[in-house]
Structure formats: C-alpha cells, structure tokens
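In the part that follows, the structures are each spelled out as structure tokens.
You will see two complexes here that share chain A, one where it goes with chain B and one where it goes with chain C.
Moving on, here comes the complex of A and B:
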C-alpha cells in the first residue's frame, strides 16, 4: 500500500514550473529520499504534499485518500507531519511548549475547556510526550528555554522533536542534517532509522549524499521540477543523467 | 515508537526521581500556570484593601476604572500579544457593550444584570461577524479593516439618536442589582469589577497553558508551521478575537451601569489606538502586561488632569521609549534587568 502518492502534480509560480507533472509513490513503512540540485523544486514539492502550496493540477493521495483539496491542518490530522528547511519554530514559546504544540492533533480540548481549566490531565500527557521526544533528540536540558534562544543545530533538532510529537504515519523531513555539526549527523540518521523502524513512513530531502544513500532504499532525483531518475541508490548514483545534472553535461563523457 | 526512558516529569505516574517543586515549576507550563493563578489570588487579595485605603469615592472609583480597563487591555493582549493579530476596534466592542446594556435598561426596562450578559455575548457575536471576513486579512490590512469597523460603530453610536441619545449621550442608566442588592455606589460596585476582572485573569492563565492557548501562540510564531502541526490558524484567531471582544463588551456594560452615562467619544477609534499603546507599554504577550497597562491608562490621565490632554504626550513618549529600549514592556522589565546584569557579569569575567 502506498502511504503517499502523487499523480501529475504541477506547481507554478508565475511562469516558472517549480514542480512539473510529477508522479511518484512512497511505499508504506519505507524511507524515500528526494535529491536534486538547488532549485530543483524539492521544498515546493514538500509544500504541495503538506498543503501549504496548492498545485495547479494533479492529485495528492495520503494512504489512498485524495487530500488535494484539504488544508494543511486537515492533512496533519490524517497523520502527516513535517519539518522545515528554513526553520519555522515558535520563538516566543519554550522548547517544551514547541513540542507540545506538535502533539496538537492527538489532543482534543478546545477553548471552553481551556478557559475553564478542564485540561489538566491532557496538558500533563502532552508534557510527558514532549519530554520524551526532547530526550530522544537530546534536547531535554533545554526544555525550559525560549525556543528563539536555540542555536541553528538545536533548532533543527527541535523541529524534528516537534514533528514526532504528533506520532505521524508519514513524516516529511526537509534537510534535517544540513547545517548540523558532524558529531550530531550520525545521531540524527540513527533517529530517522529508529523512527522508521517503528513503522513511520519517511520522505527525506537532504543534500548529504552519504546519509541519503545509507538511509534510503529508494531515491527520487529531481531536476527542474521533474523526475530525472528514480530507484535504488546504487542505480541512481550511476545514472548518466543524474551525474550530468550534478556535475555538468561534460561529466557525462568523462 | 520504542518507549524512551522518561526524565523526571512533574507529578509523573511513571516513577523516577521526584523533581523539586521549584524545578517542576520551571519546566512544566501547567505548573507555571498554577503558580501564576496563585499570584493572581494574592494580588486580588491586596486589591481588596483598596476600599480601605481609598479616602473618598473618587479614589475608590479609580480602582473600579482600573478593573474595567484591565478587562479591555487583557482581552486585547490575547489577540495582539499572544495571537499576533492587529486589532484596532477594541473601543468599538467596549462601546457596543455599553450601549447594548445601557439601551436595553433605559429604553426596554431589561434588568441590568441580564443586559450585562447580553452585551458580553453580543460583543462576541459581532466579533464573529466581523472576524469571519476580516481575519482572513493580515497585518496592515487587518488593522485597516478593524479600524473601519470601529469607525462604523462610532457613527452608529452618534447617529442612532432615538436609541443612544446621539452625541449628547445616554443618561440615567440604572445601576446593576445583584440578588436584590443595588450596586449603586462605588463601595458596592467595586466588588463586582474586582471579581469579574480577577476571573478574567484566571481564565487567561488557564487558557494560555492549554491546547487552545498553545495553538494561538503558535499561530503568532509561525502561521505556516502551526498549520502543519494540525492547527487551524483562522479558527484560533477567530476564537481569540471573540474572547477579546467579550471582555470589551463586558467592560463596556460595567462602565455604563457604574457611570450611569455613556457618550460616543469614549468609544472612538482614538481610544482603540490608546488601548493598543497600553498593551505595548505593559508588554506584548506578557501575562502581567495588561496589569501595568491598566495602571498607566487609569492613573496617568488623572494625574495630568490639570494639563488637559497632556496624557497623550506622555503616552506617546512612553510608546517611543518602549519601542526603542524596552520591547518587552513594563512587565518584561525584570527579565530585561536580569539579562543585562548577566551580560555585565559575563563581560566582567571575560575581561
């Protein structure tokens, strides 16, 4: 069963086709890597999947259900979560509260319950979940700090912790390793593997080839918004079109 | 997901080392909220001494206006400080509450207490109607739309002469009766304003540490990320706008029945702008900010009564000082000092 399926998705900005009639699917329980040169449309693709950008044509299916018309929060309620390449943390909230926000789809209380103080048990649960995710990412000592005070690498880890707090079925990770000190890179890769081992389907955009090749059984290479190649890492790495896109057309003849 | 070893969580049923109460309060937002509510209780106990301290009815009534202003500014701080939305029609909702309750009592003989409830609900309902289209706008556009709404209300207050009394104002508004007890003098009405504003502070604290409050603050932090976390930003903003309007409507109704008179200029958009300034002076998105904002808004015009409108000068200068030097407002002054001292110590250690 495909956890995620795209059928002919096109996203245009003015005259630019950022994603061009792209179709692919992600098998439930797998890790799919998406690579491509800068400007290939990877982040736009993530925005189309999570509902932030509406595609001009084509369909997005989550677990077989057409979600093309659904807004981002409705897709999140169906078990989709994501991180952002250009960090979108809630800077005025504590690190712990950021992760508690991630647990939003799993909690139920509304405004009236909030105003009348009938959310104590739920808040307690959310705190425990958030602590668990923070310690998984090694951020638990920063729990009480303002999220805006975190450095870049820690903020990246916070994005992952927040995305995990909803216990998603499908997780989109937008460059989780870029900008993280080498010492932490292996740890994040381990966490991705562990999360996937628990049954979460993952789509990973990342520039670090070694990590992508190691983690993913299946890679999609994008260029100018379209599919350039798709398949196993070893096959993709030998593909002459891929080599040309990354190293320039001359490399093909080298 | 594999079960992870949990660190010590306050009140945890999972065993582990029990953290000290202070550490738990530092980490847990809900424990922080309970701590905050204890402080509210303490502060309101202190405020309860105001009738003893106040030498005359004039001073006592300043206490009442402080509570009314607190309702206005506290509600606005939820939308602007915590929700990140610009609203320039808080005075409009204030006037709506005053006129709804006042007109119901004067023209239709509705019991004032019932009128206060209708006014509160009516303000929230009008916020729903104006919020449905307006809250789809952002930033400056939302500011303009809410400003326009305040202007429309101001015109209605002045022009519906047969109902509102027009520019001459609505006079002879009867006082509130509570269980056959007429709250017609300041020393009695004080307790109603005291109780209602304290209740609002408690509700705000509870809300801010709940799922709905976290969602609202997340929307202010990043609308895009909040959507991806399963939050409907529009609903969150709309609910905050309605609660804020309900606070203003309640404040207006209390004002009308205490003052027993209401006139349109009190509820002009100029007042809305001043209320925004008070939110900023007190501290954007600071829980205790509105308390300071309400003190300034109540006390400064009285202190400068001799100098006619000089308070505008003071408010303007205060706003500039806050924007330039104290972005966290008066409520953030403590943390600001702490941070400054820490920097000083660090630089001393470095040299």
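Moving on, here comes the complex of A and C:
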C-alpha cells in the first residue's frame, strides 16, 4: 500500500508554479529520494505534503486517506513528521525539551490536565522517549544544554530526534546531510537506514548523490516543479534529461 | 529616612501591579509577537467588575473570582471572534486589532458599568499595620504576596508542564510546533486567557488602594508596557524586575522631587530603555543565526 500519494498537486506563488501538477506515490516501508537542481520545488513539495502550504489543486493522501484539507497539527496526529532544511529548533529550550515537544502527538492528556499540570506520568514517558531518541542520535550528553547553543551538525541531528519522538509512520527529511561534516555523514545515513528498518516510510530530499543513490531504491527527479524522471537510482542516473538538467543541455551529447 | 522607607513600600505595591501587567504583555508577546494594547483595559475591567459585584453585595472572594472569569471570557471571545478571523495573523495585524479591542473594551465598561469611580475594601480591612515606625496598609501584603504567587505559578507552568512547553515551542517556531502536533491557535487562545486572568487579578488587588474607573486602563497598560520593556520584552523574570524597578522609581520621584513627576517616570524609563538598551535589563539581543 502507498504510505503517501500525491495526485496532480500544484502549488503556485504569484505566477510561479513551484510545484506543477505533480503525482507520485511512496510505497509503505520504503525510502524515496527526491532530487533536483536548486529551485526545483523540493522544499515547497514538502510544505504541501506537511500542510504548511496549501496546494492550489490536487490531493495529498496519507495511508490512503485524503488529508488535503487538514492542517499541519492534524497531519502530525496521523503519523506524519518532518525536519526542516533551514533548521527550526526551539532555541531557548533545552535539547531534551525540544525532543519532548516532538513526543507531543503521543500524549493523550486533555488541555485541562495540561493546564493544571496533572500530566506527570505522561511527562515522564515523554522524557524517556526523548532520551532514547537522543541516545540513538548520539546527543544524550548534550540533553541539558540549550538547543540554540548546538552547532549546525548537532542541530540537524536534534531535528531528526525531535521528528522521531512522535514515532511517525512517514518521515520527511529535508536535506539531513547538507552542511554536516563528512565524518558525521555516514552516521546520519546509518540512522536513516536504521529508522527505515524499524518500519518507518521515509521521503528524503538531499543533494548528496552518493547518499541518495545508496539509501533509496526509488528516486524522483524534479525540475521546475514537475517530474523529470522517476525510478531506480541506476536508471535515473543514466537518464539524458536528468544529466542535461544538472550539467546543462550540451552535456547530453558528451 | 522614614519617608524613603514609606515611598519604597508604596513603590513595591504599585510595582508589583506593574509587574503583573507586564507579565500579561510578555505572555502574549511570546506567543504571538504582538503587543497587546488591551492589557491595561483588562486590568481596569477586572477592577470594575469586582467593584460592581461587591457593590451588589456579593462576597469579596466571589466578586474577585467573577471579575477574573469575566475578563478571561472577554479575552477568549476577542480571540475567537476577531483575531481568529484575521487571514494572516501577523504580529502587526494582531497588535492593531488589539488597539481596536482596547477601545471597545473601555467603551463597553463605560456603557455597562458607568463612569463613576468604583472601590473595593482592603482584603484584610484598611487598619494600617505598624512595623517599626512604618504604617503599612494591609493591602500591600496582599499585593506583594499575590504577585509573588502568580509569578511562581506562571514560571512553573511554562517550565514544567506539557502545555507550557508546547506554548513556548509555538512561540519559537510555529511551523515546527504544528508538525509536532500542537495547534498554534490553541496556544494563542491560551495565552490570551492567561494574560487576561493575570491582568484582571492585578486590577482587583490594586483597586482597594487606588480606586478604579473606566479610564484607568490606558495609563496602567502604558506603565505595564514600560515595565515589560524595561525588564526585557518576553522575559518573565524581566516583568518582575521591570515592574518593581518602575514602581520604586516612580514612588521616589513622586515623593522626593514632585508628585508632578510621578507619571513622567514611566515615559522617561521607556525612552531611556529604547535609546540605551532596547532589549531591556534581562532581554537577550535579537541575534538571529542564518
């Protein structure tokens, strides 16, 4: 079954079609790579899937259910989670608290209990989950530090930990490796593989081709908001249109 | 010496009230980035509703509870019926809308509760307490005590509860918080309710000392705003420090220089803060990592 399905999704900004009648689906339990030149509409696509940007037309389905009209927090409750390319961590909260907020969709107390603080058990469970995710990403020693004091690479790991804390069924990763020192890149790739191995469907936007080719069995190439090519890594890499989009039209004849 | 001590005490009680008003500004600023110019009107409304209920022979405690609940309702309705309808609730749009709500709140109180000043009795009477050579109005203890309690409770709420943490998350990164399953609008409504409740409480505890009337809100709001700026907008401990500092300065200037200067202190403090240290005493610089 498809964990995520897009049918003719179009997002426009003014006259610009950032995503142009795009349709694709992601098989449950797989890792789908989305690549394309800068400005191809990858992050806008993520925003449309997560509900931050409303598409002009088309439908978004999560696990077969039409979520096009649902707001981000409602999609989160259905098992969607994501990271952001331009990090959106809660800077003045501790590293542990950041991940505890990520566990929010798993909490079941009503707002009245939350207001009066009668949520100690759930709080403790959220803390346990958060700590476990931090350990998984090797951040457990920084748990008490202010999230804003983390370096770029650690902040990226923190975003992944926060996204995992909700125990998502579908995880959107927006350039999890870009800007991370080479020494840590392999570790993040291993973590992605491990998370996927636990049954989480992953959609990965990333510029690092080697990582994308290694992790994904299925790749979608975007250009100008539309699909340029789709399929297995080896096939996509040989596609003349893809080569032209990345290297310029003259490369087609090289 | 005795005069200065008396001035400091009166500064402490008015400063505590400024701190509570500043707390309201900070809670809403943190969650929406907007300046809630209705905060002062909510304080006035709290005092007026409590005084009117008390005049209708309600018990004092019930009158205060009723005032807090009524003002919280007004704030939640304003949020639900007006702010929620703003298509893009930017900080500026919310701020402008709050000015309109402030004007309406003030007129509403004038039309419903009248133009006459209203009063509440001191919570423990008004027989001064003798302490060394000082004669202290018993209401001073209530004001300082309640302010400390509210400050501690608010701090505990934001630092220790799931909901408080969720509200801080929305304030920091609304999109990321939404994708953590938190409804941003819920956090906004909650911050309005909290700010209104604290504001109304401030109005009821100061009324026994100063009376209140429908036109008291604007000045109280302005002083609370100055206190919030002085302490650092958005900082909860900053509200306490800014409020008490402003109240003390005001009392000293009024008593030692001339009572004409009393109201000018808040203006001067606000201007100096903006000129010299726009982030306030406890505010951190607005450093954005790119």
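One rule holds in what follows: the second predicted complex is superposed on the first by the 251 of 254 C-alpha atoms of A that agree within 3 Å, B and C clash if a C-alpha of one lies under 4 Å from a C-alpha of the other, contacts with A are read in each partner's own complex, and residues count from 1 in each chain.
Going forward, a residue touches a chain if its C-beta (ideal position, glycine included) is under 8 Å from a C-beta of that chain, and two chains touch if they have at least 3 such contacts.
Just so it is clear, the structure is predicted and the values come from calculations on it, not from any experiment.
> With everything superposed onto chain A, say whether chain B and chain C fit together or clash.
With chain A as the common anchor, chain B and chain C collide in the superposed model.
> Taking the superposition as given, does A:195 touch the first partner, chain B, the second, chain C, both, or neither?
first
> With both complexes superposed on chain A, which partner does A:208 reach: first (chain B), second (chain C), both or neither?
Neither partner.
> Could you tell me if A:144 is touching chain B, chain C, both of them or neither one (first, second, both, neither)?
first
> Considering only touches as defined above, state whether A:105 meets chain B (first), chain C (second), both or neither.
Once the two structures are laid over each other on A, A:105 reaches both partners.
> More chain A residues touched by chain B or by chain C?
Result: the larger residue contact count on chain A belongs to B.
> Check whether A:132 is in contact with chain B, with chain C, with both or with neither, and answer first, second, both or neither.
Touch partner of A:132: chain B, not chain C.
> Which partner does A:94 reach: the first (chain B), the second (chain C), both, or neither?
first
> Looking at the overlay, does A:167 come into contact with chain B only (first), chain C only (second), both, or neither?
In the superposed model, A:167 contacts chain B only, not chain C.
> Per the definitions at the top, what is the overlap between the chain A residues touching chain B and those touching chain C?
50-52, 71-73, 76-77, 81-82, 84, 88-93, 97, 100-102, 104-105, 107, 109, 111, 114-115, 117, 119, 122-123, 126, 162, 166
> Chain A touches which residues of chain B in the complex?
1-2, 4-7, 9-12, 14, 26-30, 202-203, 206-207, 209-215, 217-218, 220-222, 224-233, 239, 243, 285
> Report the residues of chain A in contact with chain C in the complex, numbered from low to high.
That would be residues 50-52, 71-73, 75-77, 80-82, 84, 88-93, 97, 100-102, 104-105, 107, 109, 111, 114-115, 117, 119, 122-123, 126, 148, 162, 166 of chain A.
> Over in the complex, which chain C residues touch chain A? Could you list them?
Those residues of chain C that touch chain A are 156-157, 160-163, 165-166, 168-169, 172-173, 175-184, 186, 190, 289.
> Which stretch or stretches of chain A touch chain B in the complex?
Where chain A meets chain B, its residues are 50-52, 71-73, 76-77, 81-82, 84, 88-94, 96-97, 100-102, 104-105, 107-111, 113-117, 119-120, 122-124, 126-128, 131-132, 135-136, 140, 143-144, 162, 164, 166-167, 194-195, 197-198, 200.
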